[in-house]
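Shared chain: chain A. Partners: chain B in the first complex, chain C in the second.
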Partner chain A sequence: MDSLNPAEQRELSSRMEKKQMKEFMTMYSKLVQRCFDDCVNDFTTKSLISREEGCVMRCVDKYLKGSERLGSRFQEQNAAMQAGQLPGR
Partner chain B sequence: MSFLFGGKPQLSSAEKIDAALTEVEMVSDMFNRLSQSCLKKCIPADYREGDLNKGESVCLDRCVAKFFEVNVKVSEKMQGEAAMRQGGAAGAGGMFGM
Partner chain C sequence: MSTPASPGNGVPEAPQYQPPKAPPKQNPAFRMLGMPNFRFKLPSRNWLIFLSVTGSFAAAITYDRRQKKAAQKKWCDLVSHIAQHPLPVNQMPRKLTIFLSAPPGDGIRPSREYFKEYIKPVLVAAAMDYDVIEGRKEGDVRYGTAEQIRRLRRKKGEQTEKPDLGEIDPEQLVENIREQLKIRPEPVIRGDLIIGRHTWKEYLRGLHEGWLGPLDEPQSRREPTPPSEDASHSTSTDLPPNDASTSTTTDPPLESPAENKIPPKEAETKPPSPPYAYISTSAYSTSPASPNLPIHLEPSAPIPHRHILGFFNTPIRIYRFLTQRHLADSVGRDTAALVLGLHRPYHQDSSFASSSTGEIDALPVTTSSPETDGTTSPAATVQTAQTWEQQSLLQEEEADWHKSAKKPRKDDLERVWLDDVVIDPRIGQRMRRFELPPEEEERAKRIGQGSERSRAVEVMDLRSEPVITDESQASSGKTWWAFWEKGKD
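Let's look at the complex of A and B:
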């Protein structure tokens, strides 16, 4: 890949930051949706009952830990794949 | 590739930044799709504890490995198919050439 000059680097990282912000918001709304769907099914009350709240907390915990784990495995695999591919190019 | 055409291809700043961004996007898109599938497949909807248990952790690890394997397999198959089609076309061309 062609190297970028400092001005181009700045432009790239500012655009990446915007993208990351957007991805973070997407991730957040997906998390809300998943934990809501899995934990909240009882509409006989107006606010979350303790069982639902506990479920949501555990759901968020688990989901974040799972994403983190996937992230590190993904990086390992991606690095391995790129290393394996280079001689072929 | 550039050695094929002699000089370096002259890319404008905008093109270079777009290319770099596209590359990052491809990787992050793949990660998003992988996350969606693996979290769905490996984490059951009963949240008895906030930590990942052994089974879930192992499932996630294997899911990532398999997701990559499927990527490679599909890409190989598609490349093979494309090569076959090109080979077929070249063969036909040869026939016509006769």
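Let's look at the complex of A and C:
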């Protein structure tokens, strides 16, 4: 990282940003797709009926919390590996 | 002669002669199809014996396994609502500790299978997280338990001479990071689950060693032959290897010191595994407890594990093989009690103690008695044996132990399995035992009878519901575009 000149650094950070954005969008569309598929099954009205709405809320909640939990576990392991120079267990 | 009058052979036999039986009637259509003409009759005597023996055995197994499954289902249903509690993202689920060690005279596998078969289903139904402390041989669990406690004590800042650097404990690392991230364990009691009397004994020993013993391995242990060791290593007595000061007076000077010098020398060449106990049972009462000793230790659930070996025990083993339903039921109850988390202190029964001599009677309650040397004799150990509930728990299992476990061993490691359980009141009073509340017991019974359902909310799966579209509603004549077209006009 240190060997890059400022221009390259900027380039790198912008690419990282793009990549992160892309990842986020993928996750978002996946989430939408999943929750839509699982919850919405009444196509006779253009608004969500209450049952569907509750379902979508819970679905999003579950998905986000699940990925947050997963992320923090990864973070822990990563930090532990760096701190202890452990081989990946 | 073929004359009919002759009485000897021809005529009397004639009425006894029967023509061959006509074959039984058969559907002509089947006959034309070539079906053989079965005649139904009882099989032969030998076949009957064979079939009835195998059949009844198979039926006994099938019945037992079905009942066993039902019993397990009952206890799983009792706790399954716990799995549905939402858990905040910054909390880790409740974590139990399972203590498991190889049964005396056998490998660790039966214990593991026992855990998997009877205990794990209930834990899984309640979505419990757990750690397993395994012991392959005698003393492993004792060491593991004590080491865990010592680690906790070091973490809480007790003085230790052991340099911490160089040794990185991955669990500790992860724990530190969790602390930084503000991730906490779920605010409920944890719990220990101990499988079998042998593990129970080691667990108790480990608890005492961890909380009462020193943080660092005593120096006298590592030196090859200090003078005090000779006395404490007397092989034939049941006394565990002791620390110097207390043991010298208690041991009868029966053995010659020469034969006792050998084991420590061997131990010096190779460190014993598991390491020696840091404190002996006789030194409990003199040893100061750790300042970090909590008011309540983690509650425990001792689970019976009866494991019998040997060819001549086959009848007993068959009987147990065919009555696993009762086992599954009782183990399920104990595990469910652990999962539900209600606990009580262990009973302290003093009626037994009063039967013996009076002056030792006061021992279990005194925390720091000055007359240690006199009271920690083997007699005192036997004396306290009936005092605490912990000491006699699961005791019936010891009759099942293989004789090889009772043989004197070559190494001088402590015989945790054979020694009497010594309970220090400081530890004994702090221990708790999981107990199933009576109303839960009733509920379990009702669930088993099918008159009540599990408290878990049934998950509604919208995916399996039919998709409602225009076509499905077209028959009722109400479609959104009908309104739309109406509006257009």
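One rule holds for everything that comes next: the second predicted complex is superposed on the first by the 72 of 89 C-alpha atoms of A that agree within 3 Å, B and C clash if a C-alpha of one lies under 4 Å from a C-alpha of the other, contacts with A are read in each partner's own complex, and residues count from 1 in each chain.
Everything that follows uses one rule, which is that a contact is a pair of C-beta atoms (placed from the backbone, for glycine too) under 8 Å apart; a residue touches a chain by one contact, two chains touch by 3 or more.
As the structure is a prediction and not an experimental result, all values here were calculated from the model.
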Next on the checklist: Looking at A:Gln77, would you say it contacts chain B, chain C, both, or neither? Reply first, second, both or neither.
Outcome noted: both
Checklist entry - Looking at the overlay, what does A:Phe43 touch: chain B (first), chain C (second), both, or neither? => result second
Checklist entry - Of the two partner chains, chain B (first) and chain C (second), which one does A:Arg15 touch, if any: first, second, both, or neither? => result first
Next on the checklist: Which chain, chain B or chain C, ends up touching more residues of chain A in the combined arrangement?
Outcome noted: B
Item to check | First (chain B), second (chain C), both or neither touched by A:Met25 | outcome: neither
Next on the checklist: Once chain A of both complexes is superposed, is A:Met57 in touch with chain B (first), chain C (second), both, or neither?
Outcome noted: first
Checklist entry - Should A:Leu4 be classified as contacting the first partner (chain B), the second (chain C), both, or neither? => result first
Checklist entry - Residues on chain A in contact with chain B in one complex and with chain C in the other? => result 38-39, 55, 65, 69, 77
Checklist outcome for this item: Seen from chain B, its contact residues with chain A in the complex are 8, 11, 13, 16-17, 19-21, 23-25, 27-28, 31-32, 34-36, 38-39, 42-43, 45, 47-52, 56-57, 60-61, 63-65, 68, 72
Item to check | Interface residues, chain C side, partner chain A - complex | outcome: 89, 168, 170, 173-174, 177-178, 181, 183, 462-463, 465-470, 473, 479-480
Checklist entry - What part of chain A is in contact with chain C in the complex they form? => result 37-39, 41-46, 51-52, 55, 65, 68-69, 72, 75-77, 79-80, 83-84, 86, 89
Item to check | Touching residues on chain A, where the partner in the complex is chain B | outcome: 1-2, 4-5, 7-8, 11-12, 15-16, 19, 23, 30, 34, 38-39, 55, 57-63, 65-67, 69-71, 73-74, 77-78, 81
